[in-house]
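The two complexes that follow have subunit A in common; it is paired with subunit B in the first and with subunit C in the second.
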Partner chain A sequence: MFCSTILTPHALIHLHLLPSLQAPAPRKILRTGAVNSASGSAYAEFGNTKVIVSVFGPRESKKAMMYSDVGRLNCNVSYTTFATPVRGQGSDSKEFSSILHKALEGAIILDSFPKTTVDVFALVLESGGSDLPVVISCASLALADAGIMMYDLVASVSVLKIGLGLPFGLGYAFQSLEARQFWIPEVSSVVHGVSGEEESYQDGSLMITCMHLLVMRITQLTITGEWSTPKIHEAMELCLDACSKLGKIMRLCLKETASASQE
Partner chain B sequence: MSSTNTSSDLSSEMEVDAFRRLFPLRFHERHLLESIRPDARPLGKARDTSLALGAVASAHGSALAKIGCTTMLAAIKMEVMTPTTESPDEGCIVIDFHMPPICSPIVRPGRPAEAAPVVSKQLSDTILSSGMIDLKELSLVSGKAAWMAYLDIYCLDADGALFDAALLSAVAAFSHLEIPVVSLNDDGRVVVVSEEDAGKLEKEAVNKEKRKLKLSTISFSLTCILHKNYILADPTAEEESIMETLMTVVLDSSFQLVSLYKPGGPVLACTSAIQDCVALTRQRVKELQKILNEAISDMEVD
Partner chain C sequence: MVGLSVGEKHFIQGGIAQDLRSDGRKRLTYRPISVETGIIPQANGSARVKLGATDVIASVKAELGKPSPFQPDRGKVAIYVDCSPTAAPIFEGRGGEELSAELSAALQRSLLGGKSGTGAGIDLSSLSIVEGKICWDLYIDGLVVSSDGNLLDALGAAIKAALSNTGIPKVNVAASASSDEQPEVDISDEEYLQFDTSGVPVIVTLTKVGRHYIVDATSEEESQMSSALSVSINRLGRICGLTKRGGAGLDPSVILDMTSVAKHVSEQLLNNLESEISAAEACEEES
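For the complex of A and B:
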């Protein structure tokens, strides 16, 4: 039943932008069916970022909920205590839960399960940078595994900006490194080391979540920090390209699961 | 008897899945009569078990244990603390068992599972009282500094026999544990030495020799269901929900009894049933020792 897809080096985008960074590509794993007791589940590993998402339902909404003729989506993202280098509390991330909800609700056909709730629970086993895009992509794979009707899979990618927005003068020091201004955390995580550590040096970030079956449809776009218009264009193009590649890999993963279960 | 007959008549007409859902107890009892279980196991056999060490890079020791579908991830993080005045030569181990909402449809966010604190307490009792770890080994500088080991176990998939899988992952994480190198700085404080700095160290590392924790004995456990005269080893979540009397036996490496836990239930265990459970556990401990040793040697090859 298990299907594992290890992303090929072809999936690395715009590697030529990062000539000095062609270290061995970090391990990337996507597979469905990680948790047996859930309706659907998926495991994603991008570099050191490891995430499990379980989907339960559609099941009865909480008693206190009002009648609703469309389905409800309930999302929760939490961290293990050992996910971060310094031992944390393993608390829920309210912010990530709400972003995950917003990223997914546009893709799910909520009319298909009236009066009921679909629960999407994510657990970040290890945080190695770009956790949120990995959670979102993994969640959409888990929803597909659970057989929840969706318009399309959503893939999510983020890039960081390092070097712009520096005090004048310092910019020169970075000129030789201009190609590095986008550390393309490929399918967000880490092309070569945009790890949690590098995330703390960022000057800005851009995250795109999109469906791309026939035309690109963006369900969520988040930009933080100071960006110039051309840089935004450049970053968006990188992200959209990576999204469509990630989307293909996710489809492949589902196909492999389906063909494995037929055998 | 008549009701049994009706149901057996029904069972020949009904789909197997429907019968399983409507009459779960009878479904299982029909299997037990043939000395087999719905997943094709004999009564005394545990599910396939696998173990992977070093699953979490951000922890000092970690292990992923899988018994059938039940999956546990254990990770240990070490921190330096000041020991208490009562026991200046001893470190400390804090054990926590978590059931996040991903592991089972029963657990919802914000409402912790009832089973979690129970397993958590059982685990710390077993690990701390079995004498597996000598807390003096965790001491760095007497009265000044000692290790605090945080062991966190996450249930990733709950399908019965949670304690067995949790204990297996916990002991595996301890055998994978690599204690970080620390040294004393000029102020007499203990600092963790990063791997790059280890070569050009001015002061000698405090614990150069003590990178691995010595485990004097390793405990393993087996949970059995008692139902009528039957004993079912290593139950699944479905079996646990239908037949409610559980008995957990913990034995150490020399097969001495560490703990025996039978939390009530409708079946009263007689002496022979307890002896049978202990005998089954003895077999299981041998299997688990082999699995742990294989996992450790695989790790050393890599």
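For the complex of A and C:
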């Protein structure tokens, strides 16, 4: 849609190993203004993962809250009951809410709205793997749409590690935007039914959220599974590169909305 | 919340910049760690770890359960942390919930490895009894008794100690006729299997204050942090999980630098902790 697909040799080698995971080029949609009643909102669709985020505020903090000379950020991630193949089995949304909060708070200029609260509500309509990075990117787009002052947009990308013993190049599936063809969903629901096979392929994951425009700043980083330092190094580079590309697409999306509203 | 005056804040920050912290430690020195094992008789394994004024308890309980259909050859492990209001008044009611959830998630990330279970500090396949039928469910519970910073590292150490203290009863499976039926098991109350904890990683949290980072921050020092990186590292020097706290962004090169420092620090911590654990176990056997 916006960007050309870049085939990296790593991913290609990997594809041969896992032909069953060769999904057709998934759709990627990023759009602002999905909800009219909200101050700002965005909709993101990356493959089968569909997410909607609305931002309300800055508005009065709840009465019980103490006075604060900086603004508050309140984040909530929830799953629809039909987001997953088994009804009501979304991932831990409490943990997601806290990661979303931590990923965004470093980017928002909280001093610009003292005494008030900005609410960020994310709803995962369909869980198709890599939910959290999509939620984070979409939320930062919604914040921008709401006109909340930020240092920069936050883009988020995750990679999965596959095969502990394999050399690095063989062991990666991409969840980044420019290489969506090679993605392996974190939740294996997308690949027909939940077979233990796909699930067992994931040996670890790394998720990065970062700001990119002026200086590179990682606002959130989580790693699971066993990694050696050079592997982390390489995976981070991969993610940062993908983040900068995603960031460009997000900017483009905002520009389009702005120019459309002027006309 | 720690109430600090401007002068105190400057004192802490200045001390860290000069590699001499308010309690006389260097930036990369841990507080003395003390371990007690076998403190909860009802649990299969337990340990109490004190790190300065931080005091945590971990208990391991094993129950028979059914493995999940996706991973029939593995047992299950659940990790929960409870922040008791005795540790700090802010933990009262729902106040501790957020911190508890954050600590539990970080511990799960550090100890349980990837979704496939590889790279996990706890070998889940050793918990299987009859594939697809019966397995051990391990419930690991952490309790924060007193909080003076660096809870995650203390909890990680306590869990490691509690696991090495854990004895899982030997199970004899009666040969059952049909494969559909739930097999009958006999739990031995004399024979126990010891848990292999050599692969369980330690967690090292580097707290960034100003331009420098410190290990084992006290709660005063934590109040001055911009961000913190918790890295769990095993014997082999491999990173088994990583969590970032604090909203401030970090440069990628700083993160890589911090992980390599964490790796260096973890070697000493691991040796220190393991000798403490074996000393505690020897002490327990004597009494």
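Definition applied: the second predicted complex is superposed on the first by the 198 of 263 C-alpha atoms of A that agree within 3 Å, B and C clash if a C-alpha of one lies under 4 Å from a C-alpha of the other, contacts with A are read in each partner's own complex, and residues count from 1 in each chain.
By our rule, a contact is a pair of C-beta atoms (placed from the backbone, for glycine too) under 8 Å apart; a residue touches a chain by one contact, two chains touch by 3 or more.
What you see is a predicted model; the values in this text were computed from it and never measured.
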Quiz prompt | Combined model on subunit A: subunit C and subunit B, fit or clash | solution = fit
Practice problem: State whether A:232 touches subunit B only (first), subunit C only (second), both chains, or neither. | Solution: second
Self-check item: First, second, both or neither for A:29, with subunit B first and subunit C second
Solution: neither
Exercise. For A:123, select first, second, both or neither according to whether it touches subunit B, subunit C, the two together, or no partner.
Key: first
Exercise. Check whether A:218 is in contact with subunit B, with subunit C, with both or with neither, and answer first, second, both or neither.
Key: second
Quiz item: When the two structures are overlaid on chain A, which partner does A:92 contact: first (subunit B), second (subunit C), both, or neither?
Solution: both
Exercise. Angle at the Cα centre of subunit A spanned by the Cα centres of subunit C and subunit B: state it in steps of 10 degrees.
Key: 110
Quiz item: When the two structures are laid over each other on chain A, which of subunit B and subunit C touches more residues of subunit A?
Solution: C
Quiz item: Of the two partner chains, subunit B (first) and subunit C (second), which one does A:52 touch, if any: first, second, both, or neither?
Solution: first
Practice problem: Check whether A:210 is in contact with subunit B, with subunit C, with both or with neither, and answer first, second, both or neither. | Solution: second
Exercise. With both complexes overlaid on chain A, what's the closest CA-to-CA approach of subunit B to subunit C, in Å?
Key: 11
Self-check item: Residues of subunit A that lie at the interface with subunit B and also at the interface with subunit C
Solution: 92
Self-check item: subunit B partner contacts - residues on subunit A that touch it in the complex
Solution: 34-38, 41, 48, 50, 52-54, 56, 59, 76, 78, 80-85, 87, 90, 92, 119, 121-123, 125-128
Quiz item: Which subunit A residues qualify as touching subunit C in the complex?
Solution: 92, 94-95, 98, 102, 104-107, 161, 164, 186, 194, 196, 199-205, 210-211, 215-229, 232-233, 236, 240
Quiz item: Where on subunit C does subunit A make contact in their complex?
Solution: 70-71, 98, 101-102, 105, 109, 112-119, 227, 229, 234, 237-252, 255-256, 259-260, 263
Quiz item: Quick one: in the complex, what on subunit B touches subunit A?
Solution: 56-59, 62, 69, 71, 73, 75, 77, 79, 96, 98, 100-105, 108-110, 150, 152, 154, 156-159, 237
